[in-house]
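Heads up: the structure comes next, in structure tokens.
To keep things simple, chains are lettered A, B, C and D as they appear, and every chain counts its residues starting from 1.
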Amino acid sequence: MPEFMYMKESITDYAGIMAKTIREWGEKEVLPSRKEYDEDYEHKLIYPAMKKLFVDMGLQKLVWPKEYGGAGIEPMALPTTLVRALEEVGKADPGMGFVFAGTFSLFTSIALEPHVNRELCTEFAPIYCESGEVRTGSLIFPEQGYLVGKEVANIKGRSIRVRAEPGDNEWVVNGEELRPVNSGAMADIFGVVCATDSGEIAYVLIPSNLEGVKRGDPILKTGLASDKNANVSLENVKIPDKYVVWRGEDAKYIGELVSWHTLCCCAICVGAMMDTYKTLKEWSTTRIIRGKPLKENPVDAIVLADVAEEIALSRILTYNLANTLSKSEIYGDRWSDEVSTLAEMIGMYVANAASKVIGRAMELMASMGYAREGDIEKHWRDVKTIQSSMGGSMPVLMDIARLFYECETL
Amino acid sequence: MPEFMYMKESITDYAGIMAKTIREWGEKEVLPSRKEYDEDYEHKLIYPAMKKLFVDMGLQKLVWPKEYGGAGIEPMALPTTLVRALEEVGKADPGMGFVFAGTFSLFTSIALEPHVNRELCTEFAPIYCESGEVRTGSLIFPEQGYLVGKEVANIKGRSIRVRAEPGDNEWVVNGEELRPVNSGAMADIFGVVCATDSGEIAYVLIPSNLEGVKRGDPILKTGLASDKNANVSLENVKIPDKYVVWRGEDAKYIGELVSWHTLCCCAICVGAMMDTYKTLKEWSTTRIIRGKPLKENPVDAIVLADVAEEIALSRILTYNLANTLSKSEIYGDRWSDEVSTLAEMIGMYVANAASKVIGRAMELMASMGYAREGDIEKHWRDVKTIQSSMGGSMPVLMDIARLFYECETL
Amino acid sequence: MVSIDDFARQKEYISPMDGQYGPIMRDITDNEIIPNRGKFDEDWLDHKYVEPIMKDILVDKGSLQKALFPTDYGGLSFNYLEYRPAALLARIFEEVGRGDTAIAVATGVTLWPLTLIGVEPLIRMDLLEEFAPIYCETEEPMFGMMAMTEPQGGSDIENVDHVRGRTIKTVARLEGDEWVINGHKLWPTNSGGATKGVMAVICTTKSGSLDPNDFAVIYVPAKTKGVRQGAPYKKAGMAADKNSDIWFEDVRVPKEYRAWSPGLDAEYFRSIGSWGCFGSIGFAAGELCDTCQILDQHFSDRIYRGRPMKEFDAVASVLADIAVDAQMARWALYEVAHTLDRPDLYGNSWSPAVEARIRGTKLWVVDTAVRDTEKALDLLGRYGYDRAWALEKHWRDEKIIQLWLGGRQLNQMIVARWFYKCETL
Amino acid sequence: MVSIDDFARQKEYISPMDGQYGPIMRDITDNEIIPNRGKFDEDWLDHKYVEPIMKDILVDKGSLQKALFPTDYGGLSFNYLEYRPAALLARIFEEVGRGDTAIAVATGVTLWPLTLIGVEPLIRMDLLEEFAPIYCETEEPMFGMMAMTEPQGGSDIENVDHVRGRTIKTVARLEGDEWVINGHKLWPTNSGGATKGVMAVICTTKSGSLDPNDFAVIYVPAKTKGVRQGAPYKKAGMAADKNSDIWFEDVRVPKEYRAWSPGLDAEYFRSIGSWGCFGSIGFAAGELCDTCQILDQHFSDRIYRGRPMKEFDAVASVLADIAVDAQMARWALYEVAHTLDRPDLYGNSWSPAVEARIRGTKLWVVDTAVRDTEKALDLLGRYGYDRAWALEKHWRDEKIIQLWLGGRQLNQMIVARWFYKCETL
């Protein structure tokens, strides 16, 4: 099987082994049943597979330092390890990858240098490292424009609708009908971008069992059946000061969550594309059209080529982003506008490419393209849902313009 | 000025210095007169600038080993050095970059390990390293389909129309109305892919002063005024055996010419885009539309962002290709299908991006977009001409399908 | 709020019955389809929500299953070009399509097989008389079906010029005065048990033959012995349309049920492509208008910097591009309808020129709808994937419209063949 | 070989004069423009090749500069809607446009300023009588001009709803019975010394005013004292059209030369957008048909594996997509023409609905033409940049059509404003 090249210099042996293990997990635990995931409303099929991945294979320990029971991956190696792992998860089921992406990114805020928060690691790491159950986190990011409530503050053209009032030793947090990035209906902890009346921006952690945390019904979605999302309302939720991870000057670190989350999404999309490629290659070899294998018809070959081209470029770009995140000394801080915007650019490209090429693959598989049985339409819906969840391209375009043209009023 | 990131790990100090020198050359020797290049049919303005670049600054020595009077760049550093240099040339004048790209790529066939040809280096290197004049080379590659003559053999769906007959100590070469990649009207030496009646494919060098080499009138082109191209006919041209650089099994190396040439074209296109970005940024800052700077209008900012996005991704991909060419031990031989197809994929993306974003930049500059005076329409025509010269995307798509789907009859 | 009426259509082309049927279909769409369409995905097997709507369209309110039968036989007599049947269907398809394209296709396909024998100049009055009771003397919706696709090489069937029927494995054998049909078809709209009306089955009278005389279109009432429809497939969208396998085992129908005759069946069969693509254009054009409306609603309600977000000019520019496409699509729809309504001006529906133009238009309109629903989803950000906004449903459905009827590639080949006189494609 | 005639147009919309003028324009295009267009790029300053062709179009063979003057004044009387002037112009623009869009625009812009006073229902018979001798009593081509764009904020002028004339710096002052005009315009087609007929100059009667009553369209014969045209600019394409700066220094014309009146000038001015975009659609639609023809020729001649390369199905698929677009563009062209010819059905040319639809259509057709010429170039490989194949010229020219008249963004805003009722764009 020809390979989609990627920057191999920085891949560790550990990452290679992990990828192989996940691939085997996918083939054994996911592939036999994934055609039924969409109707698996109770997660009877999904949960056991996710548990194997998150708990038994330890994916939910990945972000945490060794001293708190985590995997303790060397920071330099973390981005590429993450990418190799999530490619494989994405091949099997983008939904589980997406749950992981949110959870992982959320905790980079307290688990990674230079902003390791020892107090919170001590408190939260055990939940993820010692539990025998799947534990997830849900990100609540500001959005461009809003349908309910009102804006408390504004960050890069996105409205923050979560109001945080600092008090004595605790903060009170309010927010109405918030749409999390992921996992709103299942998360154990929320990572929330909020603002005070005076316009100070903060990032806080909110355990879902606190009083006043209300979740709506699970949202009916295009795809990502493995991720249950729901709108979340925060009604006078009281959190201790220590859960305010970043505020004031430190709010700059929020950019890092974007960088990590986008890297994860890219890797998942690349995985979904690679699995589609595999299915398509098989189909185009065995399907006979006009007397020859489909792939030998040039008019179809141009579509096949388009699929391969986008996968190849997406993979290169994704590894490049990983490389950028692993070498701050060369490329700048992971939370800087330069790096987080680079991440967004690559994220926009890769998510778009995934949605596009899986759609093109469907073109060649005709009715087997849109039948569940053909085994690619789920990827198509899943990556489209990831793309939407990332917030759409408009706010990214504004960020790009802001950075490269030094726009001041966008 | 914000920077378009690229893989910096592999850039040498030498490359940095060279880039700076070329940038200064561009600003001094090219910018003041480039608006008149299109009507400079006699190259009265172009030649002196090109001479400074090729001869005085030594660009035409770049490919050659030190022992033959060349620059003797370490092979590992050659690709990135080339890219940095050609980005800067591309900013100033893609046409001169394109002449260089053809010349450089042509001689990689005899100047680079593992296929250094000492006899031919000894013969040809001095022409380029010791001359006080601009010396160029022109590539004659097979094309997909043909308008005149007939096919002698076929390589990856491209027709070879140059017939080579091996004789005693010399070969006789014939070809009718061939369309070179570059510089047909000015080259000192042609690098020609040809085939024998028995279907053996060869790559030969043909000095332009040999009897039977006929050049047509310079082709009226969309852009690239600095490159004079012309159709070339070869009528019973006799060349000594030693000019047959590759034949039989060695014909596989032809892929390497594609890899190098594409890398060069990518770098030139990135340079042209970066120069466009600079002009556009200035324009969008000073032009007032609806009462504010153009760049502060979101509807225009999405176009600005699109331009920046494509430049950023193109630059990353180009450096990635350079990295691939510099590390054969990791990524495979530069002439392999895997590497040359990767080059083509990236080349297709970058050339397309360049044509697209310069076109988009024109959208925002309205009539100054298409007026010579606005200083971007030349880049737009130049990169489009490069894109065409690379042969169009159809044969590349077929190569991609062939590699990734193992098609056998395309 | 922008509505379908804001997009111009060619007033001189409109059917004289437009004023009567337009409002009926609009009522069904606005009051039955749109309020319920969010539930169709889970309703894919039972059609608990879908069936009552189809009954209103085909029987109670619209009576559309009677459309192509003469009034003498209890029908509506839309057979005649003076009534501009295509322009009327255009109106029906776009109205229903903006609600749900699957309901629109279930409606359209009920009439589709009959276009070959029930619209001027292709009228087989004897067959209309024969089949009229099935559709006109019932209170039940009687879906129809075109049984074309086969397990291997799906669109090869429609690729008449190139494949010339060679790959058809459903064989019709003449025994005395009866055709005996054996074969296996896949995917027709209104299969999965839905069709109770008449199906048109594409057969060969001689397996593997390249002779157009062996290409046969034979009508089979759904209740005929030996016809078996499988269970519906699960698919990416279009839950209101059921698709399944369908088997024909020693199915016997009278000799007269062949549409026309050896040679003519193959020749007229192109009109199935023309009518099928025309329908697809209608569904998509309606959906595009609805996409504009949903976007208008979303971005009127969504606030950005104190104003409705549609006033944010970057968003407005995307909305504008989609509105332009919707206008182009609506014009194209009525142009194609007029082409079918005026064979005297533009040629017959089975002429290669007409088929090429209509297939080309389908290619454009549906590709555009796919792309525009993608853009629309992207614009909605985290509401894009949310089924509550219905845009993602349009996106899933349009993709299916893009793939059926041979998909993009077959249409491209048919266009190239006619416009560029390609001879070997 | 595919030709423009293979793309359908709406037969019921065609002008009664189509049969007379179509062949004349086709003859000029096929025998004068196409054989010479390869030389236009070097002819940008002298117009040695261009001028004789323009003379044939405007005077000797086509007499088009007389089109909008009544026969009583020596003209052709195309003022009346019963002659379907827009449908006739559509034919002329597409025929000439497939040869050279710059010649087409030079032709169109000669009539453009007159559409505001010379096509029903906007008829100023007194001004037509006044200007008729300039165009009808001469053997010289008398180019006309719309002087709109100003040095800063070009398309702001046309952005009437938003900018409301505020940025117009060309001031018309009423002195007794005369307007005195001072200002500086850029870029009009037929400038650079070409215009010898009449120019319409967009002025304000009060600098910086937002009052639509101050927006004035005033006609100025080119020979009037104080009018000065600069030297032509060098540009990326469209060498057969000259553009330059133009200065107005104390230019005096009679009071009656104002098109209509305070308020009405601003209101009717939208029709300039409608007509201008209609012309652009015509040029581009013609060009798209020619692109198909060039591609057919190239890939019929180009051999691949022993067959014409158009039989290579991957190439055919691209050719097909472009043919589909050309068909869509031609339909759109005649639809827009009919919209202008039938204000009774679709509204006046200056109504926001009509302007929005036509600007939207221009956006689509020209964007499509740009993209398709790009695809075509790509397909030609090393012949793509070769001026001998003319495709690259079409590519350069289409880009310019895309950018003029406010470019993509202004059209998007005008479309969004009308379809989505945006209020602040």
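To be clear about the criterion, a contact is a pair of C-beta atoms (placed from the backbone, for glycine too) under 8 Å apart; a residue touches a chain by one contact, two chains touch by 3 or more.
What you are looking at is a predicted structure, and each value in this text was computed from that prediction instead of being measured.
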Item to complete: Could you tell me which chain lies farthest from chain C when each chain's centre is the average position of its Cα atoms?
Response: B
Practice prompt. Write down the chain pair with more C-beta contact pairs when B-C is set against B-D.
Written response: B-D
Discussion item. Can you work out the whole-Å distance between the CA centroids of chain B and chain C?
Written reply: 50
Discussion item. Centroid of chain A to centroid of chain C, CA atoms only: how many Å?
Written reply: 39
Worksheet item: Of all residues in chain B, which are in touch with two or more distinct other chains?
Response: 298-299, 301-302, 394, 397-398
Worksheet, complete the sentence: Note: chain C residues in touch with at least two other chains are 299, 312-317, 409, 412-413
Item to complete: Could you pull out which chain C residues touch chain A in their complex?
Response: 38, 41, 149, 152-156, 159, 162-163, 186-187, 233-237, 243, 298-299, 301-304, 309, 312, 314-315, 318, 370, 374, 377-388, 392, 395-396, 399-400, 402-404, 407-409, 412-413
Discussion item. Looking at the complex, which residues from chain A come into contact with chain C?
Written reply: 35, 38, 143-147, 150-151, 159, 179, 181, 219-224, 287-290, 299-300, 303, 355, 359, 362-364, 366-367, 369-373, 377, 380-381, 384-385, 387-389, 391-395, 397-398
Response to the item:
Given the complex, residues on chain D that touch chain A span 312-317
Worksheet entry | Residues of chain A that touch chain D when the two form their complex | 297-299, 301-302
Worksheet entry | In the complex, chain B residues that touch chain A | 2-3, 5, 7-9, 277, 281, 284-285, 292, 295-296, 298, 301-302, 304-306, 308-309, 312-313, 316-317, 320, 323-324, 327, 330-331, 338, 342, 345-346, 348-349, 394, 396-401, 403-410
